[in-house]
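My questions all concern the structure below.
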């Protein structure tokens, strides 16, 4: 019963939004805005086994690989930049410069170096690394000064210092970055498939758009939502394990927070 | 709305002509969606010469990124008259997304305007090599893939085996060079650029055989607008036609290429200038619809004549 | 050879809105195995002194030497109980893991025993698997003490280490410290506000002036090695010394109104 | 009418790895204007008691009433000096702003005077524009005291408020508290580890047992309203009571080895 | 010091486009691009584009902050609301702004409103998430202190949660600026219709291998972000001095 309630609590707003969308679109009958029921039909048609293997699976593979690489790079560089003033001074401006270049304008760079048909993975990595990087820098810089002193006094090894003190202190912020990066990877997967690609969700999305197939376009957008939701849920599970030590995850804190 | 802010929109950019003849047209201020391509050179010529102003029109060119964006703008009512490559409005019409009228023809391909090119060392040397090769195009379901497919089909080549890779024209050239594609379908001025810059050679012409003299692009408006503003449309048509007919004079049109399509001076001298049509004929544009139908882009039959709003019928 | 030599030590904190000289011209030495208590008014610079000795901050003037070598960076074989004990514990580690954390050079087995022993010594046998934030203030302070002791340093710096524990526990911890010092020959520098405690524990008591701190007095405590909470504290020498330290401290003008 | 009534109060912390009963079946009352000191072994549940009284945690058993009304949520007119004073100050506010924080119902002018007075009273006149982390431990603790006093609550809860200040300052702060209580008729519940302090300050001393805490003794302190650091502390009644409290506390089995 | 890194970056680029590694006519060397950057910045037409893009980005960022910070405070501190709304949020988040361009164009038009709306949609999330996570990291004792002094729920949000979350929210703002800029430029590039750096690049790449202009536009976008970041970091140091690392350098 409790479970059922919780489930209802989580999905009620979503369900209401879908119903409202259905009613609004039915009333407006705008050619670009399809009602959910029509989208669902298109979805069943489009996410067939064929496009599953040709468009969805390869894209997801690139997405997850790109995200993972971005996460590793982001955390490693973030810790480096967060704890070393020299590194921050030297590399900070380059990163802030690169970070600000809109991904579509980077196509010439990738096209000239890795080739336009092979640039999907680099584009994802390049775009998804920033939230992790910036948030990790923030977390790594924010290690409580008494804890820094404690670590110095006890002559912790480099590994202990980085893995045992800096990383755990930064971890909540790192997770905020990881979740942002994850959705960013999905978005970049789509963007990277708009040019130079022969398949993928982005390719199909662009095709549906160019063909004035509104339900089809919505179906691909919904697929992105579904994927984003799924990956995010998995990441949250991981986060809950990794941050189990936090007082906020204790039963006591949860009761407090909910006003109990 | 936010677009009221001049700094943001820069909406004073390029508006010309204030000689309003007064009351002659329903709507004197119109926004025309255009692309930075050679097809619209006469439009800009008309604008610069004040042909629109003489007709009592204050025309604001809105430079959009693609025919699709132009069509979207017209559908939303933000753009009054939209320039586009034909496939986009025909496709929109066929899906009953919106009811379009074609108000003017822009450009008709002639030999050398749309060409499949490749580098000399590419395995793509002639049309029959195409199956299994990667060929760069701008987008699926545009002239860049429909025209070559049609030609390949006529020559009995299995066009379904060609891998069409979408990308922008500038990216096609290094893509051919680093062998990520075997060839590219380019349209002027890119034909000239590709040959000049990297020594690309033509594989076959995209405007030959079944696609010879193919209409490439035109100006469209939604029927709601054309019904409400017949005089405006007529005035636009008159001004544009005047410019289109003068476009045979290279010296008049070349500066437009440089100024608005950002073609560099030397290339502009070399480009093949296609035909700027001065009339609007349903049966010619119907060829595009038929081509699209043939390759299953348009499902069912589309009667283009119902879409035509020729100056004659519009009088 | 002196264990610790402090010569003309001064430190000035610099901030955007001016500077603050916390200590100035401090001079003293500590012999190996000695236990020196530091007392002084609140805010006079005791914690600053400990920070400079441990190499955490670079003094602006003067020098600190350990075994005759000038301190540059954090010396090895040192442990500190910070005044801000609750912040010095790692919240993501259980109590046991917190105590084990600095013992990386030991084998896993030794580490576990060492930590368990230290926790038992401070009366926290049962709390090893809890997280620091599940403990009371006094218990957290004892975890910090256990961690410092488990490290078995040759120089132990303690900043008001018994401030948050009850009187009974305090006595026991004091005796624990004396015992550890005896058994391991640790040199200890301990900051305290409890005058009785400074006399009870110290071989010497260092009385600091108010900010910027200088050494007002350096008193020997002739109470011998073996001390006992009841007999020592009631001895005449103890009462005498206590009064002297208190007198030295109160001679500083009162600041609370 | 009693100011504070605690009836059968119990609290059990729940964690993933089991539960911990911190206090159990506490029973006592406090009259308006009374100053009650609470002593008890480290970790017995004193802070938990203060948290339940201030409505920050909901007790699992029993009830707390203020003026006869059961506490549900944080009562108004209450201020608290937390044991973990350094963490209870807001690092983004200057010292003055920290003290002004609770005074938002006052006019700007009154707020400034009130804060300046309170800071001066604890001897921190000069530190108002500094940030908490620029202060020494004892200074931070005094900021927390100043903040609680500036609020002029009718019920003041203090958790080891003088643990980090030197003996001299401590005496002065104790007298400050007595004076404030007298002038403003504040009811005070003060947790301390210093037995002398509990007797010197309290109208009553509440002795708690070790965890889970229950009331072991509730002693009246017949020292009258006016007390003095020297005469009161040397009076027989004082020495007697001190010994009694100490005896009650040590009777709990020792936990430190 | 801080410019050494950037100089190295341009040096690598220069060398790469001078050698045969990459096609030099396409990936033009900085020695050709940077002078173009300078001349462009002097042209009024381009200045107008630059101002339009930057202004649209700033407006979008402002709206995103105004929406995401309060939303983040509510979602971060009221679990029932968070549970109810997050499902929808997680669904919306991975939708690329680029995919919404046609929808925005038909409903909002080709004007600057479109790029602003899309940029807001893209820029919301970092601010929202960083606000929510910062709330989780607030020292519980800070909240308890405020509550003990009779501060109500809203007061705690405004006077404790907001200031202590602010530095991390600010990091979110720095992320969001780049995203807003990217969406604005991409919208200009993929939709056109308004002046801006994106449209400048669109036009430059339309007619020939005008790569000097394309790359100059790219470099300028990067410089805009770099400048904004300097400004934001300066603000961060001024506003949140209390949160900067102290003491132990390691």
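Per-chain numbering from 1; labels A, B, C, D and E assigned in written order.
Definition applied: a residue touches a chain if its C-beta (ideal position, glycine included) is under 8 Å from a C-beta of that chain, and two chains touch if they have at least 3 such contacts.
As the structure is a prediction and not an experimental result, all values here were calculated from the model.
Of all chains, B has its CA centroid at the greatest distance from the CA centroid of subunit D.
Ranked by C-beta contact pairs, the top pair of chains is A-E. With each centre defined as the average position of its C-alpha atoms, the distance from subunit A to subunit E rounds to 16 Å.
Between the CA-based centres of subunit C and subunit E the separation comes to 49 Å, rounded to the whole angstrom.
Rounded to a whole number, the gap between the C-alpha centres of subunit B and subunit D is 82 angstrom. Across the assembly, subunit E contributes 22-23, 26-27, 102, 106-107, 189-190, 211, 214, 243, 246-248 as residues in contact with two or more other chains. Touching two or more other chains at once are residues 56, 84, 87 of subunit C.
Shown for subunit A are the residues in touch with two or more other chains, namely 32, 108, 111-112, 145, 149, 152, 194, 209, 246-247, 256. Across the complex, subunit B is touched by residues 31-32, 107-108, 111-112, 115-118, 194-198, 203, 206-207, 209-214 of subunit A. Put simply, subunit E touches subunit B in their complex at residues 22-23, 25-27, 45, 48-49, 51-52, 55-56, 59, 101-102, 105-113, 116, 188-195, 199, 202-211, 213-214. Per the touch definition, subunit E reaches subunit A in the complex via residues 1-6, 8-9, 16, 21-23, 26-27, 77, 79-80, 83-88, 90-99, 102-103, 106-107, 125-126, 129-130, 132-133, 136-137, 140, 167-168, 171, 174-175, 177-178, 181-183, 185-186, 189-190, 198, 201, 211, 214-215, 217-218, 221-226, 228-230, 243-250. Subunit A contributes residues 6, 9-14, 17, 30, 32-33, 83, 85, 89-94, 96-106, 108-109, 111-113, 130-131, 134-135, 138, 141-143, 145, 148-149, 151-152, 161, 172-173, 175-176, 179-180, 182-183, 186-187, 190-191, 194, 205, 209, 217, 220-221, 224-229, 232-233, 246-248, 253-254, 256-258 to its touches with subunit E in the complex. Contact residues on subunit D toward subunit E in their complex (touch as defined above): 51, 54, 56, 74, 76-80, 82, 84, 87-88, 90-93, 101-102, 104, 131, 133, 147, 151.
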